[in-house]
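Which chain is which? They are A, B and C, in the order written, and residues in each are numbered from 1.
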Amino acid sequence: MRRLLGFNLLTGIVLGVAGWYAGWYAAHAIVGPSIDYFADVDYNELSVVLAYLGGVLGFLIGLGFLNYPILRLRGYPPSLREKETAGTGRYFGLCTDHKVVGIQYLVGIGVFFFIGGLNAMLIRIELLSPSRQVFPAGTYLTIVGIHGTMMMGMMSSAILGPFGNYLIPILIGARRMAFPRIEALTFWLLMAGGVILETTVFFGGFPTGWTGYEPLNTQGNPGMDCYLIFFALVGISMTLLGLNMIATIVTMRAPGLTWTRLPIFVWGILSTSVLMVLAAPVLIATLGMALLDRTAQTSFFIPSAGGSNYLYENLFWVFGHPEVYILALPGFAIVLELLPVFARKPLWGYRLAISGLLGVSLLSWFVWQHHLFVSGINGDLRPFYMLSTELISIPTGFTFLCGMMTLWRGKIRYTVPMLFCLAWFFNFLIGGLSGVFLSDVPSDVTTHGSFFSMAHFHYTIMGGLIFTFFAGIYYWVPKMTGFQLNETMGKIHFWWMFIAFNATFAPLFAAGFLGQPRRVVTYPADLTFINQWVSVSAFILGAAQLFFVFNLVYSLVFKRIPAEANPWESKSIEWQLPSPVPVYNFSKIPVFSSDPYGYGEPARPVAVPASSPAGRD
Amino acid sequence: MRARTWKLVGTVVVVAAVGVLIGLYVSKLTTEAGSPSYTVPVKTVNGKPVVDLTIETVAAVGPELSPSHPDFVSYLIRNAQGKWERDTVWHLPAHATVHVTIYNFDGASGLRNSYLARPQGTDGNTYTVDGKTLDVINPDDASHTFAVPAYGLIVALPGVADDAKNQCGYAPCALSMAHRTIQFTFHTGSAGHFRWQCFVPCAAGWLYGFGGPMQTIGYMDGFLNVA
Amino acid sequence: MSATAPTTQPGPNHARRVIVAWIVFSLIATPLVAIFVGPNIPPGNGSDQATQQVFDNTVMVALLTPVICLLLVFFVYALAQFRKQRGGDIVDGPPLREHRMVQLLWIVLTSLTVLFLAGFGTFELLQNGAGGGQGPSPIAVPSGQKLQVQVIAQQWEFTYRYPSYGGLETSQLILPADTLIELHVTSLDVVHSFWAYQLGIKADANPGVDNIAYLKTKGPRTFSVHCAELCGLWHGYMFSQGKVVSSSDFSAWLHQQEALFASVKQYMPAYANAYYPDPQRRAG
């Protein structure tokens, strides 16, 4: 009872609602409903925006994020531990234990992944027939928008959030992240954002899809503000998440952990974090400008009032392209990290793999205009962006080479995480090669804005990231929870998902080439069979994820078979600790002497506890 | 054993709650921003189907017909009992002659594309405005359009003069109030699902006049379900 | 112990097997793909640009076939051959960490492939723009006399203006056969995209901007026009049919449209490359 009186999710929600009303009425006080030009006489546009911002502020204050800054301002000394040893209540509030934040992320992102997936199922229900309208046409666009936006916003942190937060301190021999409260903040910002995005249905939805193109953006109902605020919160969350990762990896590595002994997973997180820190602020600024266009009558993006829709498109894609590598790189990192364990060989070409990751990271800044090939950009730019986009396949290829050569002459075990990693090669190959077609301007003339483009990014993002997300879950959940996941069910889930995934998205390449544009509620009658096939396959794919949830509940709630400390016989340091990992991670800070890939080499430990008593705090 | 029962109960409750939430979400989406459909009564003349469509356009649809958006401009259709309904999805017979009468109670906003000021797709590519047969109007006088792009049907509706007396505020509007009467005839073809829309930027307060009611089925957009 | 001898022997055998299999598969598959698959890749032969795109796609798919073959052969071989023994203990594999030659070869081959594709794509693009919108100052301009046709996108229909016929505006796109056409695509409100599928043309329609794309029509045919950029409620229904017709049919159609256009001509703005609608259009 006393614990309930502290700052937690409940107080967060209460203060969030209070903040909502505060913002709403503040806006009404500033401008009455007489603001013309952009105001809908039913609601005042500014009210919606200030209400949501007030709500988020109230929510964060209610969770207790202001407590520590206020304490420090009042002169209290720096302190760290907050609620780290309490029970399940830790998971429902601000907790500075990075492992708790990791699990919060896993569950939180999981829930929104399912909401995004539900919207995908609704899209495919609509597309079962070209003539029957299941959803009104405008609402259909909102469903399409929610699906895309929810997935892109949430899944950007799909690996860094759960697995980055949980594992990075352990992998580098530390007890915490550099900024634990910011770490918790990134999670709650994302959760607040997700709820805000779903409430768009109460404000008329939004018509632009996840890219939010202007000027259609400014023309949208107040539900558009939900999209803008959600994505801005995601941007802030991503920036802080990346910042935290970089600071931790650069400054808090244990003794002996030189850059060349770092697990490749950490390198992957690092290269992704650099992209997050640099790209997300561009998004926040762009969405801020769009919000101003909608509320304060500015005209950044309204052409006939002096602005330019190209400005929006370019700013968005300067973020948008690194964003897709933020989605893809963690997938590379997981595959390269898991393959040595299940092939029982060292990671082949460690330095080449790192240059691949960093190369992709660097080149991703120079390709964004390939989203704008036919938009009317200056013709001189197109050959350059065609070249830069083609070039990015070279460092991507390094990941393939290193993975393939790790398998070469190995002793491969087909465990569930391994199956998902192997599927990555198949899916990302198709995704990547279709990207080669899209990067070629003549070919792009037909495929841009069509279902071919859709199939491409679903193969790279879902086939790449989501498959490795599941690989990570099956691999690390025994460590995180201390309980096994049922292996047979895992294998059923894998094959069910792999087959249904390919059945769903492969025909979409054809649909695009046959002339079906994206985000359409109807299509030519001769494409009916393809669309029906895809819809049915999509329902089967959705069912696969429900089966996965069944496995989770069955294994973690009912069966609860304890997992060994090292079920995969991995040499990596997290597997030398008990499952679940104890609160302080290490009783003594370890000293590292090699990378974790010493398979087939004379046995030596990756790290030993430092001989001096408990290292850093 | 007791713990297991609680877990089972808990799982069932959670699954049921999720199911209810999903159900509510989907039902909200299927009914949001849509329109019930209305079957227009069909007569037979010389063995061929003929339909009389009487619709009106109003400046503000009023709280009776739209509690959530009383200030939206809207199309209304007169049902067989003579009452005005806010439905924009109409069932029409295939291969029929459709005689349309539109009462426009709204003032002019002006067409963005003047080309649409010329009636097309009607019999003779002309229409009657207040009894006079016209083949074009001044685009600045256009208040709304009734257009079915798949049929090539475009009809611009001239607006009530700004200084006209007895203008209609909130719908329903009585015929004694200031209005224009537009009449034309078009023909449906084989069965299909055809959208219709207004082309005049008449959504006050939205960018380019094309947001809000102009992008919501049930107000200035709808379907002709021809069967 | 002679344990070292057996472990080194199977090595070269694996690599040779994979490489030979790869070469054989590629030699069989690539010509098949180039001959049977490539030419059937849409959008077909409706215009010079469409034909060009099909050729471009054929070259790419033929070049990518050996890549697919390599990965296919590799994985099928590796996943079968290098399995851990069923039921046996978990043993480690050989500690292979890198191989300079393999890395070098891979980097060189992938770079060459990629650079060739970029160069080839650029070459194809610079001929005449490959049907894509090039903005107001195109750099890939085909030579010869061009018929100017303006495509005006608006929410939610395309209309077309013919400046060489007195600024005539129509709702259907009819084009003469065997003619070089300069399309000027613009919008009156939000961003749309003009996609004439069978003609292989796609150009975004931006408000206040003239986006130029070149098209050389071939014989008479019907083609579908779709909007390819989300533009609001009726984006999915913003489609129509256009036609390429013989010159005589084209003249006949123009006369018919001019008659229709005559009454509204007095109200039309002068033909311009872009139009600037007032953002504040509101009722009353």
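Just so it is clear, contacts are C-beta pairs under 8 Å (C-beta built on N, C-alpha and C of every residue); 3 or more make two chains touch, one makes a residue touch a chain.
Since this is a predicted model, take the numbers as computed values, not measurements.
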Chain pair with the most C-beta contacts: A-C
Remotest chain, subunit A as reference, centres from CA atoms: B
Distance between the centres, which are taken as Cα means, of subunit B and subunit A, whole angstrom: 41
Computed distance of Cα centres, subunit C from subunit B, in Å: 38
Distance between the centres, which are taken as Cα means, of subunit C and subunit A, whole angstrom: 29
Residue numbers of subunit B (touch at least two other chains): 195, 205, 207-208, 210, 215-217, 221
Residues within subunit C bordering two or more other chains: 189-190, 232-234, 237, 277, 279-280, 282
Multi-chain contact sites of subunit A, meaning residues that touch two or more partners: 36-37, 137-138, 207, 215, 219, 302, 522
Partner subunit B, residues of subunit C touching it in the complex: 152, 154-157, 159, 169, 171-172, 188-190, 232-234, 237, 240, 260-261, 263-264, 267-269, 277, 279-284
Subunit A to subunit B touching residues, read off their complex: 36-42, 118, 122, 131-139, 142-143, 201, 204-205, 207, 215, 218-221, 302, 522, 553, 557-558
Residues of subunit C defined as touching subunit A within the complex: 11, 14, 41-43, 49, 52-53, 56-57, 60, 64, 67-68, 71, 74-75, 78-79, 82-85, 90-99, 102-103, 106-107, 110-111, 114-115, 117-118, 121-122, 124-126, 129-140, 185, 189-191, 193, 195, 197, 200-204, 206-209, 211, 213, 224, 226-237, 276-280, 282
Contacting residues of subunit A [partner subunit C, same complex]: 36-37, 137-138, 140-141, 207-209, 211, 213-216, 219, 299, 302-305, 309-310, 343-352, 373-380, 382-383, 386-387, 390-391, 393-394, 397-398, 400-401, 404-405, 407-414, 422, 425-426, 429, 433, 436-437, 439-446, 448-450, 513-515, 517-524, 569, 597-601
Residue ranges of subunit B touching subunit C (in the complex, touch as defined): 59, 73, 106-107, 109-110, 112-115, 117-118, 120, 125, 135-136, 138-139, 143, 147, 149-150, 152, 154, 162, 195, 197, 199, 201-205, 207-210, 214-217, 221
